[in-house]
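Two complexes follow with chain A in common, the first pairing it with chain B and the second with chain C.
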Partner chain A sequence: MSIDIFLNLTVRGLTTGAIYALVGMGIVLILQTTNVMNFAQGDTGMFITYLAFFMITTAKVPYSLVLILAIAAGAVVGLLVERFMMRSVRSRSHLSLIMLTLGLSLLFQGLAAFLFNTEPRLFPPLVSGDPIKIGPVILGRQDIVVLLAAIVTFGILYLFLYRTKQGAAARSISQDEYAARVLGIPTPSIYMLIWAIGSAMAGLAALLIVPRFSLEPSFMGLVQVKAFTAIVLGGMGSVFGAAVGGLIIGVVENLVAYQFPAIKDSFMLIVIVIVLLVLPQGLFGKGQQRRL
Partner chain B sequence: MLRVDQVVSGYGAIDVLNHVTISLDKGEIIAVLGANGAGKTTLLRTITGLIRVRKGAVTFGDKVLNGLSPAEVVKCGISHVPEGRHIFPDLTVEENLLLAAYIMPRSQQKSRLDAMYAMFSILADRRKQAGGTLSGGEQQMLALARGLMPNPRLMLLDEPSLGLAPKIIGTVFDTLAHLRESGVSILLVEQNAKRSLELADRAYILVTGQVALEGTAHELSGNEMVKQLYLGGTR
Partner chain C sequence: MTSSGTRRLAVNGAIAALVLVLPLVFRTKSSIIGYLNIAMLYAIATQGLNLLMGFGGLVSLGHAAFMAIGGYTAAVLVMTYHVNMFLAVVAGVAGAGLFGLVIGFPSLRLSGFYLAVATMALGSSIADIIKRLAITGGDYGLINIPVLRLGGWELTSEISKYYFFVAILVVVFLVVRNFLNSRSGRAVRAVRDSEMTASAMGVNVAAYKLITFIFAACIAGLSGALYAFTISYLHPMNFGLSFSISLLSMSIIGGLGTIIGPILGALFWVMLPVVIGGKMEFLSTVIFGLSIIGSVMFLPKGLSELVTRIQTRLRL
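Entry: the complex of A and B
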C-alpha cells in the first residue's frame, strides 16, 4: 500500500468514523445521564432521514432548510420518546427500559416501512460538486461536511455539558441520580432534554451518511453496530471516548476493507471481543461508574 | 411552620411510616431520634417529595406539600441534606454548590455562593477541587453548604455527624447552632442523641415507623427509657 493510498484511506476512514462518533456520542450521552442503553439510536436516525426525504420530495422544502428541520424533528422525536415511553417505565425495571428501546427500534422500522414503503431510494448528498484535492488526499464535498459537522457537534456538546447549568445537571445525574433529586434538580426535564439532544444527533448522523447507502429501513443497522464498537473501545463512560473510538474504528475499518474486503463488517466483532478481553475498561473508561 | 399529620408512606408494598405526626415552629430545632430502620430517613424523604405521601398530609406554612416534586419542595423553602452526604465526586466544589441552587437566577446563585464561601472558608480554598477528593469532614461541610445554597427557611438534616471524628462533629453542631441564630429552622435526624438533645428545642423518638415519645429536649434527656436506649444508660 503506497503512502498516498494509505493517507486517502485514513482520511476517508476518519469521515466514516465521524459518523460512528456522532451515533456513539449520542448513545453515551443518553446512557450516562438516563442509565438506558438506547438500542434505537440508529433507527431513530433512520426514521428522521425518512422524514427529511419526505420533506425534500413531497413537501419540497429547500435543501438548505432540511438539515435544520431534521435536527429539530430529531429533538422532538427524542422528547416524545422520553415523555411517553421511557418515563412511565423508568421507575420499574432497568431491563424493561432496554427492551423498550429494542421495541422502539422495531417501531421506527415498522413506521418507516408503513409510511414510506421499504423500496430502497437514493438520497442525494447535501452538497454536490467535484471532490476536493488537499495535497495527495482527495475528499468528497459531503465528506468534508461530515467532518465539520462532527467537530461542531462535539464542540457544542462539550459547551453544553461544561458551560450550562443543564449540562452540569446532566453530569450530576450521571454521578448520583438520588443526590440530584434531593437537591431539587428537575430530573425529568433533564432526561427529556438529553433524549432530545441524543436523538437530534442520531438524525444528523443518519442524514449525513445516508448518501453512501440507499435509504431503506435497515440502513442504520451496521452503523449502529460500529457505533457500539466505538463506545466499547472508548470505554462506555465518556462522550470523548466515544468520539475517539468512533474515529479509530472508522480508520481501521477502511484500512481493513482495502486489504481484506470480505471481513470488513465482521471485523468489528473481532474488535469488540479483543477490546473486552484485553482492555475491558476501554481507552478512556473508569470502570463501572457512570461518567460524562 | 411544618406539620406532618398522620402520615403513612413507604416503599413498594410496605408502609414504613405509620401515622406519624410531628410539627415544627419557625426558628425551632427539632431532633428526630430512633434506632436503625425506624424510618427517620423515610420521614425526610416523604417531606421532600422523594417518596409519595400515602395517607395524611404534609404542610409547610399554608402550603400542602403532598404530591409536589422534590424540585417544587425546594422552591417552597425546604432543603434536604441527605444521609451519607452524597457529594458529586467528579464535580468541583463550586459545581456541587451551584447545582444546589439550580432553580435560582444566575445573579442570586452568585451571591449565595459568596455567602457560602464566607461561612465555610475551607470550601472557598477548594472551590475548583473535585468533591470526591475532599475529606469526610470537608464533604460534610460541603453537604451543609449545599443545603444552605437555596436559602431555605427549613433544613432537613439526616445524620450530619455520621462517620466523623469527635472534633469535626463539634464543628458540625456549632454550625447548626449558628444557623439557628440566622433564623433557619432545622429538623435534625441523628444517632448522636446526646448532642442532638443538647442542641434541639424539642425531640421525637421514632420506633418502627411510629412516634413513641415526644417532648422538650430537656424532658426527654431526663426520661429513663431515652437514657437507657439512646444515651448509653446512666445507671
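Entry: the complex of A and C
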C-alpha cells in the first residue's frame, strides 16, 4: 500500500467514521442519561429523511430550511416517544425499553415501505460539485460536510453537557438517578430534553448521510449496527467515546476493506468480540456502569 | 375433579383435536398447511428466544444467525459429506450451541447491553460470512437440500411435515417447560429477577446466563436444521438482521415468559400478511410495530395475556 493510497483511505475512513460518530453520539446521549438503548435511532432518521425528500423534490422547499425542519421533526419525535412511550414503562426492565424502541423502528420501517414503497431513491446532496483535492487526498464535498457536522455536533454536545445547567443535570442523572431526584433535579423534563436532542441528531445525521447511500427503508440498518460497534469500542456511556470509536471504526473499516475485502462486513463482529474479551470497558469507559 | 378442571380439560382436548384435524380440513389447500408448518418452525426458534428473554432476561438481536448455523451445518453435512440426516441435525444443533458459547462467553459477563450489541453484530455479519464460504453455495444459496427422511418414510407432503412438526414442537415445549421447572430453571429465573439475590443464594450467575444462552442457540439451531430439510433451500439473506428482529417480535407479541406465547406470536406473524394479502405486505409491518409497542405498554404478556383474559372471562 503506497503512502498516497494509505492517506486517501484513512481520510476517507474518517469521513465514513463521522457518519457512525453522528449516529452513535445520539444513541449514547440517550443511553447514558435515560438508560434506554435506542434501536429506533436509525429508523427515526430514515423516516424523517423520506419526509425531507418529498419536501425537497415535490414541494421545492429550500434545502437549508428542510435541514432545520428535519432537526425539529427529530426533536418532536423524541419528545413524543419519551412522553407517551418511555415514561409509562420507565420502571420496568431495560429489556422492555429496548423492545419499545425495536417496535418503533419496525413501525417506521413499515410506514416508510407502505406509504412510499421500497424503491431506492437518489437523495440530492447538500453541497454538490467536484471533489476537492488536498495534497494527495481527494474528498467529496458532501463527505467534508458530514465530517464538519460531526465535529460541530460534538462541540455543541460538549458545551451542552459541561457548560449548561441542564447538561450538568443530565450527567448527574446518568451517575445516580435517585440522588439526582433527591437533589431536586426535574428528571422528567431532563429526560424529555435529552430525548429531543438525541432524536434531533437522528434527523440531522440521516439527512446528511443519505446522499452517500440511496433512500430506502433499510438504509440506516447497517449504519446503526456500526454505530453500536463504535459505542462499544468507545466504552458505552461517553459521547466522546462514541465519536472517537466511530472515527476509528470508519478508518479501520476502510483499510480492512482495501487489504482484506473478504472480511469487510464481518470485521465489526471481530472488533466487538476482541473488545469485549480484551477491553470490556472500551477505550474511554469508566469501568462497568453501575446502573445497567 | 372440580367442574372448572373438567372444563379446562375439555377445552384442551378440543384444541388438541383441532390441531390434529386441521390439516384434513385444509386437505385441498396445501399452501395453508405450508404456512402453518413455517409458523411451527418459527415457533420452535421463538421458544428458544422466549426462554432467553422471557425467563432469562437476556436479549438476542441475532437469533436468526443461530438458525442459519444450524441449517447450514446440517445441510452441508448431508449434501457434501453424506452424513446420516439425524446426526446432521444433531450436529447443526451443536454447531449453533458452539457459536452461542463464542458470542455469549465474552458478552454475558457484562451488562445486558453488551449482549444486545454483540448478538446484533453476529446477526448482521452472519449472512456475509456464509456468502464468502464456498461450501455453503455462497451468494446462490444452497438448493435441492434433500427432504427430511425418518427411517424409510420421506416427509414430502405438507401434511406429513405438519404432523412431524407438531410432534417436534410438543417435544421442544415439554423440554423447555421441564427445564424451567427444574432446579436450573428456577436458578435462571432467579437471575432474571435479581442477579444480586441470586448470587447471594449461591447461584452462579454467569454460568446460568451462559447455559440459557447456549440452550436458546441450540433450539434455534434445531429450528434451522428442520427448516433446511423442509424448505430445501437456504439463502444467507434470509437469515439477516431483519429476520432476527422478526423472531424477536414474534416472541414479544406472543408474550414473553409464557409457554404458549411463541406459538401465538409465530402464528400471528406468519398469518397476518397472508390474511392482509400480498399487495399490502408492508401494512403488516406497521401492524407488527404497533403490536410490539402495544404489547410492551399495555399487555406485557402479549397475545397469551389476551387468551388468559378471555379464559377468565368465560371462566374456562
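Some points to look at:
In this text, the second predicted complex is superposed on the first by the 288 of 292 C-alpha atoms of A that agree within 3 Å, B and C clash if a C-alpha of one lies under 4 Å from a C-alpha of the other, contacts with A are read in each partner's own complex, and residues count from 1 in each chain.
What we mean here is this: contacts are C-beta pairs under 8 Å (C-beta built on N, C-alpha and C of every residue); 3 or more make two chains touch, one makes a residue touch a chain.
Fair warning: this is a prediction, and the values are worked out from it, not measured in the lab.
After superposition on chain A, the partners chain B and chain C are seen to fit next to each other with no clash.
By the touch criterion defined above, A:S93 lies against chain C but remains apart from chain B after alignment on the C-alpha atoms of chain A. Of the two partner chains, chain B is the only one that A:R171 touches; chain C does not reach it. Touch criterion met: A:I185 reaches chain B, while chain C stays clear of it. Once chain A of one complex is fitted onto chain A of the other, the partner contacts of A:V127 are absent, as it touches neither chain B nor chain C. Here the apex is the CA centre of chain A, and the angle it makes with the centres of chain B and chain C after alignment on chain A is 90°, in steps of 10. In the overlay built on the shared chain, the residue A:M85 is in contact with chain C alone; chain B does not reach it. Contact with chain C, but none with chain B, is seen for A:L276 once the two complexes are overlaid on the shared chain. Think of it this way: put the two complexes on top of each other by chain A, and the tightest Cα contact between chain B and chain C is 15 Å. Within the complex formed with chain C, the residues of chain A that make contact are 31, 37, 39, 85, 88-89, 92-96, 98-100, 102-111, 113-114, 118, 218, 221-222, 225, 228-229, 231-232, 236, 262-266, 268-269, 272-273, 276-277, 280, 288-289, 292.
In the complex of the two chains, the chain A residues touching chain B come out as 165, 168-169, 171-172, 175-176, 178-186, 188, 291. Remark: chain B residues 48, 50, 69-71, 73-75, 79-80, 82, 86-91, 95, 98-100, 102-103, 146, 150 touch chain A in the complex. Put simply, chain C touches chain A in their complex at residues 53, 57, 59, 61, 102-103, 106-107, 109-114, 116-118, 120-122, 124-125, 128-129, 132, 241-242, 245, 248-249, 252, 280, 282-293, 295-297, 300.
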